[in-house]
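Order as written gives the chain letters A, B, C and D; numbering starts at 1 within each chain.
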Amino acid sequence: MKNTDMVVVGGGAAGMAASIEAACAGAEVVLIDENERPGGQLFKQIHKFFGSEVHRAGIRGIHIGRDLLKEAEEAGVQVRLNTVVYGFFPDKCLGLMCNQHTEELQAKMIILATGASENVLAFPGWTLPGVMGAGAAQTLINIHRVLPGRSVLMVGAGNVGLIVSYQLLQAGAEVVAVVEGLPTISGYGVHASKIRRAGVPIFTGHTILRAEGKESVERVVIAAVDKSWQPLAGTEKAFEVDTVCLAVGLSPLAELAWMAGCQFIYIPEIGGWVPVHDENMETSVPGIYVAGDLAGIEEASTAMEEGRLAGLAAAEALGCLSSKDGRARKAEVWERLAALRIGSFGHGRALAMEKILRAKGVG
Amino acid sequence: MKKARAREGIRTTGIPSKEELEASPGYPKSDCLARGPIVVIECVQDIPCNPCEGACPSGAIKVGNPITNLPVFDVEKCDGCGTCIPICPGQAIFRVDMTYQTDEATVSFPYEFLPLPKKGDVVQGIDRAGGAVCEAEVLRVQQPKGFDHTAVITVIVPKNMAMEVRSIKRAKR
Amino acid sequence: MPKTFDVGIIGGGIIGCAVAYYLSKAGVSVVVFEKDHICSGTSNANQGGIAVQLFDPKTIPLALASSELFSELSNELELDLEYRRSGTLNVALHAYQVPLLKRRYDELIQMGMDVRLWNDHQLRSFPGGDAKPFLAVCESPHDAQVNPLKATYAFALGAKRLGARIMLHAPVAQMKTDQKTIRSIILKNGEEIACGRVVCAAGAWSKEIGRGVGLDVPVEPQRGQLIITEQVPRSEYPYILDADYLTSAYGIKPEGEDEAARMRLKMGIGASFAQELPGNWTIGASRDLVGFVKTNSPEVLKALAKYLLEFMPWMKRINCIRFIAGYRPYCIKDGRPILGRVLDLSGFYLATGHGGEGVALAPITGKLVAEEITTGKTSLPIDDFRFDRFFCSH
Amino acid sequence: MRIDDHPILGKAERGRSITLTVDGSPVEAFEGEPIAVALMASGHRVFRYTTKQKGPRGVFCALGRCTDCIMIVDGQANVRTCVTPARDGMVIEKQFGRGPREEKG
């Protein structure tokens, strides 16, 4: 069996940042991703990021992704693409599969940065072709450069729903409306303003009743809902669309963390079941770290910071960083992370993170 | 009346209300508009974000600590250069020049759609709700490399529309 | 005053639930103590096979009766258990297996079973093209498959409908006895429940339960690993077995013809490939005694996959979607189940040690143990399965 | 419905033009792009029909996770077209349940 210092599973924002930090500290790092190219969801984030200069605010996600790839290469991270981690076995041994061949790789430290998957919403007609995740539509338009349809109804006015609506417009589709069950828009108001200026109505307090069509979506019906989420009779509106995008939240992709025996905690605000971890992102299983959406659904900026934190902490645990240097470097990241979790949009996530730390007994 | 107001505002409609705008420290007081071209920051939520602060060459925008502070705009220092417009990830910064002509003002805004209009095109001016409110003549389309594909378009509109027009109607592709 | 039931059953797997059902049907008041939740131990990690042709001849009458009971249970329990008589093929891939297979065939014929040995044409026409040629195949067309999860839940729900109480997350701490007679059960949370009789259906955990009343129940957890594939079209032969399962019955040492085969035997791997109703194949099975360790090992998974391709090379391009491990409650003395009363402890019954045959034998186990509790007699003889057998010298 | 030009991403860079056969008809694709992308670009929306309800399915997650877009590719069923790169000459068929359409005489 092959051995290495560190394996990072998932080559998205968190995994790349973790790999770079650990490799720069001198660890031998293998970064594994099941896709043909690394970057995770960064390469479909074609909008400019928020935050401050240290978070690379004002830069588009694609460019941050390109920079991370370059840094990873320069740091000597071994990137293995098209490789699925199919199992987590005892003694930190990972089962890998690539081109129908399997092998095992054992690591002293493992960082799981497996990301998240989109939630679905069931309604009559939701299985029809044309109903898809908002993230799916974003992949199609921004990476593969193909429109999923000509006219779209977006369900969900969180940041994903708002951003993807805007990007669908940029790609040349029409977005007939954004529907949000809550009475208010939960994403950033500025994202909502952009699509309102572009002529897209946002129906808060509304839900999708059904999608209709013979072989694929041809029409949707929405309606206002009361306080108990029941549709109000007489408020139905119909739209002729060929696509419905669902932006109704994300859930951590936690299979490997479950297999590794990590302790979990249920926190709906950040996606449901998430692995408990300490301030170094280390889980209840010593030597196994988590970062990014797996550690609680947030955004690319926080994912990168969490990745850096996990990479530094794991490098420190390996002895690649002195505890003095490690502590100083981690303190910088903690500060940057804290800055992203303040205000009315960040407060709930900050509380959720405190809950996780308390569950680990370090809060 | 009260009920109607509860349904307004950025959290409900996606459009900042008049009250929200006027309460924001980035939104210039109406008497400042007569001075010449100045930026109008329509940032009304405590998003952790501050690139506008660093972008301004004359130090007219202050966010400070924490970065969820709303940007504070100092009209005295603003020379209306508009460097901040393409930088704002929320596309919430505009420029208004009420001194352009007697009856006409100019409005500059970020724009990321194709096709781009050309100087001299007469297009429809669009307000914050996406409605066409007036005709607008394209005065300038700036898209230098540093803007990273965010064009900044300047249109000429009737003066009374300068604080309403925030974009233009997208042309069919 | 503690709560009172006629019978307390320890274990909410398929055996415990089946015993609870048949007792409830006989009008007995029953409580099931399950330390976790229904089907959380062994009954959720197996292939649901009723491969009668592999059974030890002493157990075959029970297996046949059990399969008969299954054929009625979907109606009786008002839930489709996916019971189907899809048949099994027992396959000899290696020369040393051929006489074993033929010997077993003769035995089964003598017992009156409808089994067939394949002729040359059938051997050649097995689907799969370039398959390693099968040297001999014994087909048992009445062997069956059932969905083990549905069956366990159906028994539990059926018992509940008839008034049984099922206590989940209720691990047993101790059993109170008085004058060599069971009196009550005390749960880990301190609750005491009086029951005149106790059935230990604790599967792989039976040793610990037995120890609590001073009995040495010779059951150990045997780990079994399975791979589950994606759904593919239904095969004409959805249940394929390996003649190596007969080696222990006839005291023959299996031969490793090459390194891979030697490794396979070392890991306790024998072919048991079963296609479930939705189309997924379960690829088993491995057996090893490693204590309560429920993790999979990559070596076993790879060896299983490799072995599968010796039988069905066309599966090379099929995706595996999961793998699981479970405990088989294995009787380390003779591999046979342990059923019925215990002489030294009045009111204590065993229904355990079913190894890899718990699902197949669940209905008959439930029926016979219930009969013994309610009437003192059983409709099929169970002397060969009694706990006392370990202490009688033959 | 390909996006040839884009305000942020510019002109599309694509692989070599190739041809797939989809349910017997030629479909243009670009080498290396996911099969599903070529199908969507040529207006295909239904990729398969489900086993029990015979309901149509198309691309749902576009990440290789949900398996809604599986088709028969070069005779092999259950191929996730959203993550399988297109190669010249590939033969692609709609999947009916677990495999090809059952011809009933």
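As a working rule, contacts are C-beta pairs under 8 Å (C-beta built on N, C-alpha and C of every residue); 3 or more make two chains touch, one makes a residue touch a chain.
All values derive from a computational prediction rather than experimental measurement.
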| item | value |
| --- | --- |
| Among all chain pairs, the one with the most C-beta contacts | A-B |
| Identity of the most central chain, Cα criterion | A |
| Greatest separation from chain B - chain, by CA centre | C |
| Interchain centroid distance [CA atoms averaged], chain C/chain D, Å | 43 |
| Averaged-CA centre spacing for the pair chain B and chain A, given as whole angstrom | 31 |
| Centre-of-Cα separation between chain D and chain A, whole angstrom | 26 |
| Chain B residues counted as touching two or more neighbouring chains | 112-114 |
| Sequence positions of chain D contacting 2 or more other chains | 6-8 |
| Numbers and ranges of chain A residues touching at least 2 other chains | 60, 170, 172 |
| Arrangement of touching chains [line / ring / star / complete / other] | other |
| Chains that touch, pairwise | A-B, A-C, A-D, B-D, C-D |
| Residues of chain D that touch chain A when the two form their complex | 1-4, 6-9, 12, 14, 33-34, 37, 40-41, 45-47, 55-65, 83, 85 |
| Residue ranges of chain B touching chain D (in the complex, touch as defined) | 112-114, 116, 149, 151 |
| Contact footprint of chain D on chain A as seen in their complex | 34-36, 46, 60, 62, 117-118, 127-133, 135-137, 139-142, 144-150, 170-172, 215-216 |
| Footprint of chain B on chain D - complex, ascending | 5-8, 10 |
| Complex interface listing, chain C residues touching chain A | 295-298, 301-302, 320, 323 |
